[in-house]
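In structure tokens below, several structures.
You will see two complexes here that share chain A, one where it goes with chain B and one where it goes with chain C.
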Partner chain A sequence: MDGGIAVLGQVAFWGLYSGCIYILLATGLNLIFGVMKVVNFAHGEFLMLGTYITFFFFVISGFNPYLLLFLSIPILIGAGIIVERLCFRPILGTGKLNEIFISLGLIYIFQNGVAMVFTDEWRSMKSPFADLTIGIGPIQLPLDYIIIVVITAIILVGLSVFLDRTTTGKAIRASSQNRRGAMLMGINVERMDMLTFGIGAGLAGAAGTLWAVSGQVFSPYMGSVPAIKGFAIIILGGLGSIPGAIIGGLAIGMVENFTAFFLGGSWKDAISFILLIVVLLVRPTGLFGEAGE
Partner chain B sequence: MRTDCIIYTILGLLLIALLLGSGCTQTPAATGPSEIKIGVVASLTGPASTTGKDIWQSAELAADEINARGGVPVRELGRSLPIRLIPGDDESTREGGMKAVTKLITQDQVSVLVGGYSSAVVSAHQSIVADNKVPYIISGASSSAVSRRTDLDTSYMFFHRPNTDDSAEASIRFLTEVFRPAINAKFGFSGDRKLRVAVIYQDSPFGKGQLDAVKALIPAKNLPIEIVAEEPFKMGESDFRTVLTSVKSKNPDVIYAVTFLNELVPMTQQARRDVGLNTVIMAIENNDDPDYYSGVGVYGEGMIMESRFSPYAVPAGSTEAATRKFLSDFDKKYGGFAGMMGAATYESVYVAAAAIEQAGSLDRAKIRDALATIRVPQMMEIMKNGTIAFSPEFRESKFDLYVVQLAMDQKSGEPRPVIVWPESLKAGEFSIPDWYTPGSP
Partner chain C sequence: MNLAQVRTPKNLLAAAILALALAVPFLAGQNLYLLTVLVLMLIFIIYSSAWNFLTFSGQGSLGHAAFLGLGGYAASLATVRLGLPPLLTLVLGGLFSAFIGILIGITCVRLREWFLAMVTFGFAVIIQTLVVSQLAPVTGGWDGFAVQKIVPTSVPGYLVLEYYVVLLIAVLVLVLFSFLLRSRIGLALAAIRENETEARAAGINPVPFKLFAFGLSAFVSGIAGGLEIFHFGYITPEIFGIDLSFWPIIYSITGGLGTLAGPVIGTIVVTLLWDGLNVLGLTYGRFIIIGVLLVLIIIFLPRGLVSLPEEIGKKRGRKGK
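Moving on to the complex of A and B:
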């Protein structure tokens, strides 16, 4: 690699890749918070489940792991719907403390459940494109990461079209903007809750598949840190704001990687929260948030 | 009325007889304990659980063997007692370790503790061990800062592992004596060219201990080595791409990686596959584990590692038979191979048993005194003078360390280690991999 610009370009690309995982995680989290106003600390566990579903089907089928997105997303949507119906709906509106403890309980259930089935050893898998790189100027970019960025963009465009153009999407947005008003207009908000939770979990599942395909290791306990980052991102971007989650995810991915480059890897996690504090001091509602959220 | 009296008298006499009888039969057991409780501190859950499981299973194997031979003779009691291991899951965290050790000491009333992996985790519960004065044979926590701390009483702690100074010295000696001449010869570098070493280290007492040891060693021995990068990362990290990109820009000849197993696998893969860093990684002994070889796959080919126990590279000589037996017994019982931490903990259980036998008592102070003077013949790991003994000042055992290089094994599809240093133990020659690119001339 020649020159500082190339090195910085490479770091920016790693930031873009990290940002993609964060964006998918935070977008789902924000969607759920926007509609249900529920704080689900177990959201990182959906990402973890996504990695194991991908791993499991990859091992038994040998399919191209990118195709397994068509399995991990629907399965996680189903899992999200079940979790919403069984765990969050009964306690909806009873106080944040109940939501927090339900989600903490879910973390242990998912972690131990996966550890029982797959053991708690670290695992990784190899993409069929793992050894392919594409040269863009002086930078050599692994093909997998380019595919991950493209897939993330496609998922976000698809989500945007769904929310803007379809009746169900509009109903979800209406429920997010004014729950009581939506009910008065005949929207079944409980159905929207269920659907939103499912979509949020599905997005986390997609993030899990992309995490596994990128060659990163995973274990049953891997979900907590990305989930905390996901919360930092939605607070940074603004609670309930999808564009905020996208910009926030990208910002955190970039800042983390440039900080690791300039200051060392020890600062990687700390900088996310320093950035969060700075943004909240300047703009307490987050970058795209509205007062009252 | 009279009949009732007779019945109550008979019942009363029966009750007294029963109580006396039961008292008589219980008397021998009441004179002392029926087992020796040994607490095993291991990361059974959390990021270090792979190693933790290895620690627990190996301890269990040792205890089963000792119990099968009749247990441990305890002179004061006049009989042998079986060992009962009690797990203490530190959850791979400092807080988890404190909780587990407190329970083992206060609730389970163990006579001895063995195990302990992460320096950070062990350093957090050392004060509990010191306050309660419980003998603790620590098979991990290699940071010298843990064994040589002066802010608390470590006199009950015995370290059955090389410290960071020992392992750094072995690694740096290999780089100076073998690696540097090899690349100078292959690439035609001048004899006075310094070896360019990049250190990527876990931001923990373990990682910092290794970094400090390496940095102290170079000027102390006037070695022809230049540290071109010092890159810390947080414990449990799995994304090293940016750190490796930074290291690549410094043009190192070799990366000195101070990592745990779950960190070295993605670091090695990402270096070769994602960042295109065609540099040899020199890893530390705690990674010489079957899970590393299966996890790293083809990207491990040509890498080097300082070691003291290797599941796949058994040094010929006095420890070979014991090592092969241990590996075979472990495989039969659990399926698969034990790693270095398992071997060290297996030995630690035997050392604990020997100390109890020598002390002739389950009294913690007497066991501690026995450990301070104990001499146990080496088992699987090669010890200085062929004996497991603890140094008087910091109670550390001393090892003969070696270096392995990984070569692909076509049959298993995984890399396998070959001992390439020192001369007395080596089974093959070190070679520069074909894909290797040196740093700046």
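Moving on to the complex of A and C:
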């Protein structure tokens, strides 16, 4: 059964890799939800923009695509700040459904804006390390996937250092714990909103670059489903909990890949929603969720 | 009811629109393109009104295409396999859709509004997956299958007849919703929407009302799905697509959320805009324009186009002072 274990190990590693993309999405969503209590279903469009920024600059410059993280993250932070300022701030506090509806408008704008420039065909790009694998025991691991896991870990560690150690990071956490209290302490919570939204979008941008680099196909319409899975993850893992987002992201990544392996690829998307519905049936507030909106 | 009550501007406007709708086939003659656009518009008025009815109870759905599609598949399978007439299977499709809708409603009544949005979105994905994989031997998978039209094409002027059938159903649905919203049920739904805890304190148990709203919304969506399929004469799993879940939301918000006229006006305005922009050749541009319109309306006109005359009146009043 050595071969069988090797295959299962391979699938588990794919799960780890696709979990990384979900972790980055869900962590951003969780940060935004924590501070603003906003539900942005258009979050996946930031992921999509990240893939296209990477693709575009990779084609015109030929740089190592991993370096393009330094481009996609800042651009998406800027885009996130603009979206927050123009669309979400005016409707803050008017109800969850309004936020979902404005996200729909944003989804249409972003998807078709990109489709206008790049057409709506599925694309993919090839990483310079695409053919390299590293053997661990009987398992052959693509080098790209290993790099992606490492980069995700670095980003998460960087984020937690930022949130724990810096003044701005502490201000973000304070706004998330008690908005009014933070305001009374002289924290400009509206600036924290913008910043958090920007960071969330930046994380989605990073996820986009990693998505493109790994050789997965992408199109202007690819963003909606991963974004909603991101929400499924933060409901599973607990609202506002970053460790929860990491565990939830890994769980969804694993479950999806094992399901695709055993039941066929068409169940890959459906399984995470089945999981979500089952969990909500048992615990209507999510696995670790207690308070919150 | 006395005459003064009946002759409100709103009712007169509704009567005028209805008269126009009745007269259209005579004005348009045999312009098939126009009639097709109008039939689809009416089907979407039914579907958007059904989606909108759910928001009267404070619930929202991001996956209503599931119910559109369930109704469509149930109706067309019953027609093809059992040989039943479309007008009967439409109702069967609606009932099947309502049954599943109530099951989903039961799992959702305890959830927060946006959890519900996610569950409904996910449900549409799950149903589509089932239809193209495990259920493919029955449903024909991605290829779908052909069904007869609601009025056979061999009948002379079939499209005009079809138009009147759909118009009749649309009017019935709107009258039903308007009746319900004025009844005690409507009051209870409003109480639940505004504040569920207070509604409970006032002795209203929200659960049956929410389930009723979900079931009725799914029922009418299922009928709309059946109508769409019997109009095209073909069904594919595309009917569960994300787009078809989003359209009723866009129509209802543009027209005015939580009003009876909102989905009607929204569907008419957006459909005309949509087809107009298509004529101009804006394939992707029209999506962007609709998206921008949606964002602007949510921010600046949260009660939709129906509130436009009132808002303009307010602005004028302020200037007058």
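The rule is simple: the second predicted complex is superposed on the first by the 283 of 293 C-alpha atoms of A that agree within 3 Å, B and C clash if a C-alpha of one lies under 4 Å from a C-alpha of the other, contacts with A are read in each partner's own complex, and residues count from 1 in each chain.
To be clear about the criterion, contacts are C-beta pairs under 8 Å (C-beta built on N, C-alpha and C of every residue); 3 or more make two chains touch, one makes a residue touch a chain.
Computed from a prediction, not measured in an experiment: that's the story for all the values here.
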### Query
When the two structures are superposed on chain A, do chain B and chain C clash or fit side by side?
clash
### Query
Once the shared chain is lined up, is A:Thr167 touching chain B (first), chain C (second), both, or neither of them?
neither
### Task
Name the contact category of A:Ile277: first (chain B only), second (chain C only), both, or neither.
second
### Task
Look at A:Gln216 in the shared chain and tell me whether it touches chain B only, chain C only, both, or neither; answer first, second, both or neither.
first
### Message
If we overlay the two complexes on their shared chain A, which of chain B and chain C does A:Ser266 touch? Say first, second, both or neither.
### Response
both
### Query
Residue overlap on chain A between the chain B contact set and the chain C contact set?
115, 120, 225, 264, 266, 269
### Task
Could you pull out which chain C residues touch chain A in their complex?
55, 60, 62, 107, 110-115, 117-119, 121-123, 125-126, 128-130, 132-133, 242, 246, 249-250, 253, 284-285, 287-288, 290-295, 298-299, 302
### Summary
Counting only contacts in the complex, chain A reaches chain C at residues 39, 41, 87, 90-91, 94, 96-102, 104-109, 111-113, 115-116, 120, 224-225, 228, 231-232, 235, 264, 266-267, 269-270, 272-274, 276-277, 280-281, 284, 293
### Message
Could you list, by residue number, the parts of chain B that touch chain A in their complex?
### Response
45-47, 49-50, 203, 231-234, 236-243, 245-246, 248-249, 261-262, 265-266, 269-270, 273-276, 291, 295, 297
### Summary
In the complex, the residues of chain A that touch chain B are 1, 4, 7, 10-11, 14-15, 17-18, 115, 120-122, 124, 126, 130-131, 133, 140, 142, 145, 215-219, 221-222, 225, 257-258, 260-261, 264-266, 268-269
